[in-house]
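Read from first to last, the chains carry the letters A, B, C, D and E; within each, the first residue is number 1.
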Amino acid sequence: MRFFDASCRLGRPAAFGEGMPWQTDEILEIMARCHIDGALAYHIVAREGETQDGNELLLREIAQIPQLQPQWCALPATYDEFLHADALRDAMKENGVRTLRIAPKSFAHSARPYAMKELMGFAAECRVPVFFDYGEAPCDELYEICHDYPDVSFVITNTAYALNRWLGPVLDACGNLYLGTGNYVPHRGLETFCKYYAADRLVFNTNLPTGSATAAVSLVCFADISKEEKELIAHGNIERLLGEVRL
Amino acid sequence: MDFRELVYGQKPFEGVFVFDVHGHIGFEQGSQLGPNDGESMVHTMDRMGVDGICVSFSPGIRGAWKRGNDQTKDTCKRLPGRVFGYAVPNPFHAECDLTPYFEEDLGFRGVKIHGNIQGETPENDPRYAHAFELANRLKLPVLFHAWMPYEVDRAADVASRYPDLNVIIGHGGLTFARDRAVAACKRYDNVFCDTAISSAPDGSIEWLVDKVGVEKVLYGSDMSFFDCIHTLGKLALAKLSDTDKEKILGLNAKKIFDL
Amino acid sequence: MNWEQYIFEGKPFEGIYIFDVHGHVGAHKPFQLGGYDADSVAKTCRRMNVDGVVVSSLPALASDWKWGNEEVAASVDAYPGLIWGYASPNPFYEDCDITPYLDLPGFVGVKIHGDMQGSTPVNDPRYFPTYEVANERGLPVLFHAWLSAEVRAAADVARRYPNTKIILGHSGMTARDTALEVARTCDNIFIDTAISSTYDNAIEVLVDKVGADRVVYGSDICFFDCIHTMGKIALARISDTDKEKIFGLNARGLFSL
Amino acid sequence: MRFIDARCQLGRRCVIRENEPVTKAEILELMDRCRIERAVAYHAIAKEGDVKAGNMELLKDTEGDSRFLRQWVALPHTFGEFMSVEELLKGMKENSVSSIRMFPKTHGYSLKPYALGKFMDAMAEHKIPVFMTYNELASEDALYAMLTDYPKVNFIISDVSYREERKLFPILEHCPNFHIGTGNYVVHGGVKTMCEYFGAERMIFDTGLPTGSAAAAVSLICFAEISEEEKTLIASGNLERMLSEVEL
Amino acid sequence: MLRFIDARCMLGERCIIREGDPNTKEAILELMDRCHIEKAIVYHAMARESELPAGNMALIGETAGDDRFIRQWCALPSYFGEYMSAEDFFDAMKQHHVTSMRLLPKTCGYSLRPHSIGKLMDLAAQCHMPVFIDLGTELTTDESYDLCKMYPEVDLVFGNSGYRENRRLGPILEQCPNFYLGTGNYVAHCGIKLFCEYYGAERLIFDTGLPTGSATAAVSLIGYAEISDEEKALIAHGNIERLLGEVRL
């Protein structure tokens, strides 16, 4: 069973618990140990500080690492603070970037259409998958974001275990929501998900370094679901999503 | 006198002295209360057989202290013998002085402290000292808004430093700070509790009486913030002897208020 | 033992004794659990070759203590030898006495969750009668130890009742350093591994700081799943003997099974 | 005057304080003392622990007891949890359960149509009243949204704080399906003003036993400055009418 | 020399004061002279802090015959006869030459939705009267978008924005022509310059937030801004004069 990590983080954190494997080589060691062949990685500087510089720093850091592919953080281009749609398309095309990560709450901008129309319009047009942590648009905001941009494929990560009563209705109502399995740990979580929805809406990720990769792979390997479903989750679905990108 | 029949028969509390130690008049900025002027209060008091009430002017706590106390003075003048006043100090205005309100009988019978609304000033803050000295000299009751445990402790601290004034712990006897209120009542004999609260389970007044003794519990309703009929009904239907109910309703208040 | 080979073929571990010290039955009000009744807990344990799990009832901690403990008793009866029981007291009820439950076969310890019971500190005198019973019988007591205040309160109980075996649930997640330091000073304190999401190398840090003998496998099953915690321990960079101690040998001694 | 209480919790709850009523006997004693004839009751375990099991415990606790009208706590059917709407209606019919109580904040689910549309349509179709306490709603805007999203469902909101008047009156004016539980409606002259402006039909007597005070609730109606007919409507008339309209 | 009109000033005795603050009308007038602030739109401390009805009336008394103060009343949707109805409120404003109104949804606990303040806002739209409200203390920036969209014909002046809100303000300014921003504590680095560059100086209104805000800081913020003199004049007094000029009571 081979895995492809849809979302992990590189870069020196401001604070971390003792033993956290944040250095890139430590991450690569764990990936090898967990049979993870490749990963989409975003940079902490882009996520916590200056978005454009962080994205460029990421490209430089993973230039010599074939397993790692870039995932850019993005926000609306208010006051020309970030690239506008066409400039973003060219930059992504040039650097082989095929996914974006947004963080409306942390970046203090509104997720509603009046603020994100341009960015989400670009993502819909080029079929670029958009990632965000569940904490960035929890509860009813998750429905609103999936409903406001029906043609954008959203992948939520860092979900933990307390969201099923909020997640279920949105999965029913919106076909464009995918779930990162990183720490989706409700009891028999993947088994119930596949029973009521379908395995093709689950995308394996680890949330390294804050999340545990060994736990993430065990979640899929030991899940009470069929082999084909495990393959789809492990790498099939993300490969399909990345295949659809038209830059 | 069977208090329970009063409730069933929907009859006012006649034949028993009822004095409300915790009242408010005036506009409430944060939310619309029912009628909150002196006259409408007396209308409800007549309906329910309440003989008197001691009030403070809410906007005076939140805003201009002198205008607040003057409003209370006017209301007491218009409704003598039924509406009495608490003078309210302000910790920020150095020129604040309550003595003129007590030089002659203008209806003022005590002092009201609400540190929480006034910039969360601690209730035993030195800037309130002038009001405590006045109350101590004239042996007046001082009603504290004391909802939180630390507010109850501060009120008790004032009672310990000014033995001649009587401290009334507002709300504290029935909120989750009630253990602190019980400790204060037991430790100092000039500390009392009132029954003013919007919602407390049945049996909570009986618990308070059992812990601090009936002499320490005074009827207070927080009227015009909310109605008094539910607190009166709760007292009437409580599992207490009639003599206990009469003490709570007014006899205790008579001892510490100059009525 | 080639742990990797088991995991990546999705095969449960064979030939080692696995005992889960931190399990639950019963629903939890704020969010939906997967299967939370005894049958689904047993089904997962059997599927994953787990030899035994000690469960407490979530409703006993957050709702009706008697109804919850009855629920545990029913689960223990339904799966003798697989599901064992923790009894849980409630500090607010004077008539609350869990000794009848501790006398039942299959009940092997006490679970305390002060946070769910009106955030009462675990060293509150109202819990002392329960600790006296646990101290007499030398029973393990599993604490919910998430914050440093909870860890220190649990340590206080460990000092007062040296004959009990205190297990710090969630290894003091946000207060791990306090938990590790406390575990070093008292020899009747153990750490469990029940954490929903912590980074890799966390297991290595536990073993490095307090030694594998004081770490026990706990999964918080049915609150969330157990398969990711098992994988995390299996793929941790610690010796096989340490893994076997954590998975079940320590627990066997603790619960004298 | 006959009182029927619209909100009473049976069963052992987690946190209690000394002297608070807990057992059914203590609750019945208070009901007798306050001359409350019957009470709509839900179970503590259904709120604090396992919803389905709590509803079953309620059936056991109220077996052959005419003083209590059964009320179930409901949850959405996400991921197959709780019962489907059809199973719920069947269960209510078989066990003569006539109303539903919901705890959206405590149990953590959305009230928006995308999540509860099907459930609320069934409530409207069968004219089942839905009971909730005000603190289970995020804000008055959330209350207004719920009332306007489901105009044909009767909502009874109790434990309305006296501080919320300016937010509630416009909603009362615009949403006829909004009813107030009077248990803790302690605004000075509140019941009287409500009758004047919106009519006594909008108010349902409840106590919130055992944590709410039955004596206070009863006095709020007995001593209110309103007519005898209005008092009886509030004390029992409105609730009886609403429960009689339920079609299961 | 640049002359200013302050769009956000509070008169009257306040409960919480600090020594040295401009706590009296004279102290405020002195500061206005020192900062070349010709006139100030004022509302009363009592209307905001403790007793709205009395505060609005006290303002009339304290500003009688004083042309340096432009009167502003705090609005309250009235139910159960608590305060004047919307129609009476506007008649009284006409009678007392009050030319703008302020909303206090959080302080006075009422909803901003049409079902609550719809009548008041319709009348404000009819009279072309600008409506003032503070960000931060009374509503969030995200909610200000909803307010602008709910009442598109009413000019809304949002004060107390602070320096953190640029990413939220940008899209709203693009989509809501009736959104005006008070400059009092809009101290983002190059904030005024960028705003004029992207959204035009016509939508910036000079205000100070006296007595709790600093007038000297507010005037310097405009005086030293890297913008043309015409833009400075518009912000300092031009825009507010236009808004108040349109009022037809």
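Methods note: contacts are C-beta pairs under 8 Å (C-beta built on N, C-alpha and C of every residue); 3 or more make two chains touch, one makes a residue touch a chain.
Because the structure is a prediction, the values reported are computed rather than measured.
Chains that touch both chain A and chain B are the following: D, E. Looking at chain C and chain D, the chains that touch each of them are A. With A-E and A-D as the two chain pairs, more C-beta contacts join A-D.
Compare each chain's C-alpha centroid with the centroid of every protein C-alpha atom shown, and the nearest one belongs to D. Distances between chain centres, each the mean of the C-alpha atoms, put A farthest from chain B.
Inter-chain spacing, taken between the CA centroids of chain D and chain E, is 44 Å. In terms of their C-alpha centroids, the spacing between chain B and chain E amounts to 39 Å.
Chain A and chain C have Cα centroids separated by 33 Å. Annotation for chain E: residues touching 2 or more other chains are 79-80, 82, 108-109.
Shared contact sites, meaning residues of chain B that touch two or more other chains, fall at 30-32.
Residues of chain A in contact with two or more other chains: 162, 164-165, 192.
Inter-chain contacts, as defined above, occur between A-C, A-D, A-E, B-D, B-E, C-D, D-E.
Contact residues on chain B toward chain E in their complex (touch as defined above): 26-27, 29-32, 58-65, 67, 90, 92-93, 118-119.
Of all the residues in chain C, the ones that touch chain D in their complex are 26-27, 29-32, 36, 58-59, 62-68, 90, 92-93, 116-118. Residues 139-140, 143, 147, 162, 164-170, 172-173, 192-193, 195-196 of chain A touch chain D in their complex.
Remark: chain B residues 4, 7-8, 10, 30-36, 40, 44, 47-48, 198-204, 206-207, 210, 223-234, 236-238 touch chain D in the complex. Of all residues in chain A, only 75-76, 78-79, 81, 107-110, 112, 114-115 touch chain E in the complex they form.
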